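Take a look at these structures.
You will see two complexes here that share chain A, one where it goes with chain B and one where it goes with chain C.
Take a look at the complex of A and B:
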């Protein structure tokens, strides 16, 4: 047990180091970027009204003071970390003066709800079917699934999403195509809201599942194909152990470890990798928020999304690291 | 801790974190409307081109960034200022030369040297909370913004206004720091302007930069009904006392409710207007528009037939960087123009639905009347000396040629009347004339090695053409680069996601974008031309206002701009000076004007009718331009 705690401590330190380096790198990239938020705002103002050169100068100085962008970069960096440890990432510059973290927190549940559940559904279906296909290699049904998985996987995501949009939004308009929930429901723990959220999530979830399950399926089938030749599986079969126990208790459990690592990375990536889904279905999550923030040169918001994303990836990897020795005794903690 | 308890603990922790996140989202503000209370004959649904509004409960447009959501009905329905100028003709009887007196009771009044401006205000206007609108609101708006960095007009008012006072409740008197005949433009809406603040509300706030103004006290005929806490829709309801607003004095806005829906992708808005869930859509692709208007007779574009699109008062062009030695010789710039093929550019970018312009004034609003029509003979006679020969480059038939090119596909939708074709496809453009272009390059000291043009210093004539990531301008930039490359110039299209940032600091060689924006409905060119003055041109790498991206400096240009600054906005001499600018531009060809930035804004006649169009061009149909508010006084429910 002591060894395991020592293992947790080491991994936790690594995780903190990764978070610190990742956030610092993002800070540098955003602040060294040629996109200047003050110039973005100035551009918007001067494109809508004729401002004299003096007016432009005065506005630039005022905005630099207001946004804190006039200070030397080192000073900005120290101020950033000082605020971050208090959970404050400063005001969003494109939605000034709303705190950037408020905006991120408003978008995050949508991304978590949609993409995490879609990813988990995809993971479970893909791996379960992949395991069964790997174990029953001559079964026609699973062979058909293999062909389907191989066929669907290379289709670009946006093509699948667009086809679903046309079928269920236009030709047979039975599902909502846009947004997170309907206009006439009040957000909260009430059934109309929950059912509306579920309804709005059907098409995006379906599109993610349809495209994503192939990868898990093919990966798991290959892993299981190796595992079923191991001695303990042959021994279990000869000993008359039930088939479901062999598949669930021995085969999947041993084959799933590398898949879990991939799952952790996929879930971590959800925080920044949701752009296309959210764009196609106008979902109000973190992906479209990040795009808006980059386009507007909104340092604070980019940093807020990135901080959440980096932390999520690091924590996901940390959890998988902790799970490995528990799931697979062959993995040593020392 | 055993394996099982560890995993249970981890799962429980994850659930707690998720639950906390969901709980946060549910604490957001906003109310849900009962959709049964919005009958379609009382409700107009408008597409707002903004994405998700990230701080949806923010309604204070007097903070830079304007709280992010502005075209959600906030500036269209609840704000007001002294004057409006529509890019199109304006409502007959309510506007003159497309200029509306909104809160002002008449035009601006300057003293002789334009150092003072006096405004008379309309009487009988009230804020939605019943407080009367007076000159004190205007004075407060200027003084408060002067005193508050972080407000959008802080710089403008600080630099330009010496004093502002109200001699009486309905008169405002400005004293300016120096002569400025276009000071009124700060209070004249083209897209937006200095909105007047409710003094009685704002003066009660300790810090107006932190004030969300929710719900906003309205100076327009609508007030906030409800909104989406996730920032994708807003509903506005007509005030009972709508007639006590400046817009109400033009006519009664007919819809009782106006719903603005945002964050709708191009494909989705096409589906939604077909499904009857939108009445006005801001923008579609050319292909999407052609498809929807052909399939649904209730949906209309600007023109009754092809090309359907509304020509915005902006002009897409090829913009060489004058601070780059490659483009400092006007013969080179003219050679680049004469290498281009208008038909290919029109077909590649807009599938033929482009309104071409050979001159540096967009062919929209009143400009065909004021500039394009009167200059036709001049353009037809216009001659260029290539150094070897003299050529007349203008071709007044190109619009007709493009109409014939698209006729096989679009049939009767393409107009046959010559005037209609000119209005829709433009008055003409330059003939592609490769020999003349080559003569110009040769005269400029260029030589040809094989099929490659070499610059006078012996280096290949090679440059990058910066184009945006997508849309018609992307397609246009690619065909332009290809055409130049086919004719011996190493031009390569360079797609960039930050074209605005780069053009602002002059970080490009040739840029495909617009550098001209006009009022559209009024012949005055100051909206873009004033910032073409050399005083604005910055050193390479430094920011400039969002115009004159080519960084063109010319004493003759300054002289014209200063002449325009020296006359009143409505002085007929304005067209004369504007024409002088057009002629100087032709001589120098500092950038190559190509076509209006046509916008495929469409409307559905399923529930509402009376929308503006090319035959009844009373308003700009683009949904996020605030002067579009006049549309609501003109439309009527179908049943």
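Take a look at the complex of A and C:
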């Protein structure tokens, strides 16, 4: 038990370090860049309205105050953290005066719901099929499957998503291809809304699964084909243990451990996938928000999205790491 | 070296196919050096011509000959991938060999940094870089930034090999003979990790080109420079598929799949080559 606590403590420390370094990097990138957000906003304001010099000065001061810029960099850094701990990242410019954090929090459930479930589905399907393919190495169906997985795997996500969009949007329009839910339902815990959400999630989820599962499949097949040569598997087979028990209880359990580490890293990559998925399918999550914010030059919103995604990724990796020793007792004593 | 190459082609069908695909794409992109037109100029030919003997790959709605356009795009993307791969290899070799050989607190500090880099989400950070740099963001800057994030996973692999090398006889001999640590790492240990470096090289190229495509499709790179991603960006922004200029999408997609499949197969077969067990199995031993 003590080993486990020590393990959790070490991982928690690492998670905090990741969050700290990631957010500090975001801060440095934005604050050391040659481009001043205040001047950018001022430029846009004065191109729209005819501002007097006094008004520009006043606005600049107000903006400096809003963004926490203008002070020496170290002071800004400390201020940035004190505000961040309170969950305050300043108001969004796109939707002034809504706090940027509120907008992010509204988009968050969509991204988490879609991407995390899609990633987990991909993980389960890919590993199960991969394990079966590794166990039944001479099965023709799995061989064909392996070749297919190999062929789809390296295609960039964007291309696959686009092909799906053409097939289900134009050639055979059975699924909704855009948005998070239908416009004519009221959001809330009612069946029409939930079914609409699920329906809208099918195609994006399918695209993520299609692109992602090949990697798991190939990896798991290789791992399993190593494990099945181990003595304990041969022994179990000779002793007449049921095939399903061997595959499920012995083979998968031993082979899946490295895959779990990879799952943590994939969850880390979820946010790079989400931007394109949400862009292609017009899904109302963090990815779409990030794109809108970049295009609108919304400084605080971009910062908020990056901050939240770094935190979420670190937490996700932490959680997967916690599951690790439950499957592999050796990890604890490490 | 040559014998290894010959064996790989003879016994490893994946390697052969991957090599052919990559060579075809490389030759195609090398053709851009003889391009009669500047690929960054627009409205040079009649727009929207389907593939024909005159325009092999057709022309796009921006009046560019797709053959030369794509050739330049693939050259730029491959060059980009190579730059990122070379730069990040240098970091991963340096970190991996040092951490593996030195051990102790050097190892612990380096691996702590390594773990942080592994788990940082790269995409939002790249978007952030684009957001703050805007017009200063050229493809070399992007390559530098990506190289800064592309090394940690491979550094760990190299470290795991270097740990094993540390206890080998020849390392001790070299130390007793008074060889300096940097020299020892470069001359004695580096050759042993070269196969891993090559295999991860391909993977890293795949990763960086893929990420560039993602960024470019969203318009988050210099969209006036032809790359694989910006070709897709312009095709998308002219709704190529919807208005019927299918060759603008289909031909690049075929070439992209060829490139990615080729690099992927090379990486897979190199990985397999490093593992002697599977190599023997394949050769029928």
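The criterion applied here is as follows: the second predicted complex is superposed on the first by the 295 of 334 C-alpha atoms of A that agree within 3 Å, B and C clash if a C-alpha of one lies under 4 Å from a C-alpha of the other, contacts with A are read in each partner's own complex, and residues count from 1 in each chain.
Keep this in mind: a residue touches a chain if its C-beta (ideal position, glycine included) is under 8 Å from a C-beta of that chain, and two chains touch if they have at least 3 such contacts.
Every value quoted in this text rests on a predicted model; they were computed, and no experiment measured them.
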Q.
Of the two partners chain B and chain C, which one touches more residues belonging to chain A?
A. B
(Q) After the superposition on A, what does A:279 contact: first (chain B), second (chain C), both or neither? (A) both
Q. A:151 contacts which: chain B (first), chain C (second), both, neither?
A. second
**Q.** First, second, both or neither for A:65, with chain B first and chain C second
**A.** first
Q. Which partner does A:54 reach: the first (chain B), the second (chain C), both, or neither?
A. first
(Q) Which partner chains sit in contact with A:186 here, chain B, chain C, both or neither? Use first/second/both/neither. (A) first
Q: Examine A:231 and indicate which partner it touches, taking first as chain B and second as chain C; both and neither are also allowed.
A: neither
Q) Where does A:305 make contact in the superposed view: on chain B (first), on chain C (second), on both, or on neither? A) second
Q) What is the contact status of A:177 with respect to chain B (first) and chain C (second): first, second, both, or neither? A) first
Q. Shared contact residues on chain A for chain B and chain C?
A. 34-35, 162, 170, 279
Q.
Quick check: in the complex, which residue numbers of chain B touch chain A?
A. 1, 3, 6-7, 10, 18, 21-22, 24-26, 28, 30-35, 51-52, 54-55, 58, 63-65, 67-68, 149-150, 152-156, 158-160, 182, 185-186, 190-194, 209-210, 228-233, 263-265, 267-268, 271-272, 274-275, 497-498, 500-502, 504-505, 507, 517, 526-527, 530-531, 535-536, 543, 545-547
Q | Residue numbers on chain C that touch chain A, as the complex places them | A | 112, 115-116, 118-125, 127-134, 136, 153, 206, 210-211, 213-214, 217-218, 220, 232, 236, 241-242, 249, 253, 256-257, 260-261, 263-264
Q | Touch list for chain A against partner chain C, complex | A | 14, 17-18, 21-22, 25-26, 29-30, 33-35, 150-151, 153-159, 162, 166, 170, 264-265, 268-272, 275-276, 279, 290-291, 294, 302, 305-306, 309-310, 313-314, 317
Q) Which chain A residues qualify as touching chain B in the complex? A) 1, 34-36, 39-43, 45-63, 65-66, 92-98, 102-103, 105-110, 112-113, 116, 162, 165, 169-170, 173, 177-181, 183-189, 279-280, 282, 284, 288-289, 292, 295, 297, 319, 322-323, 326-327
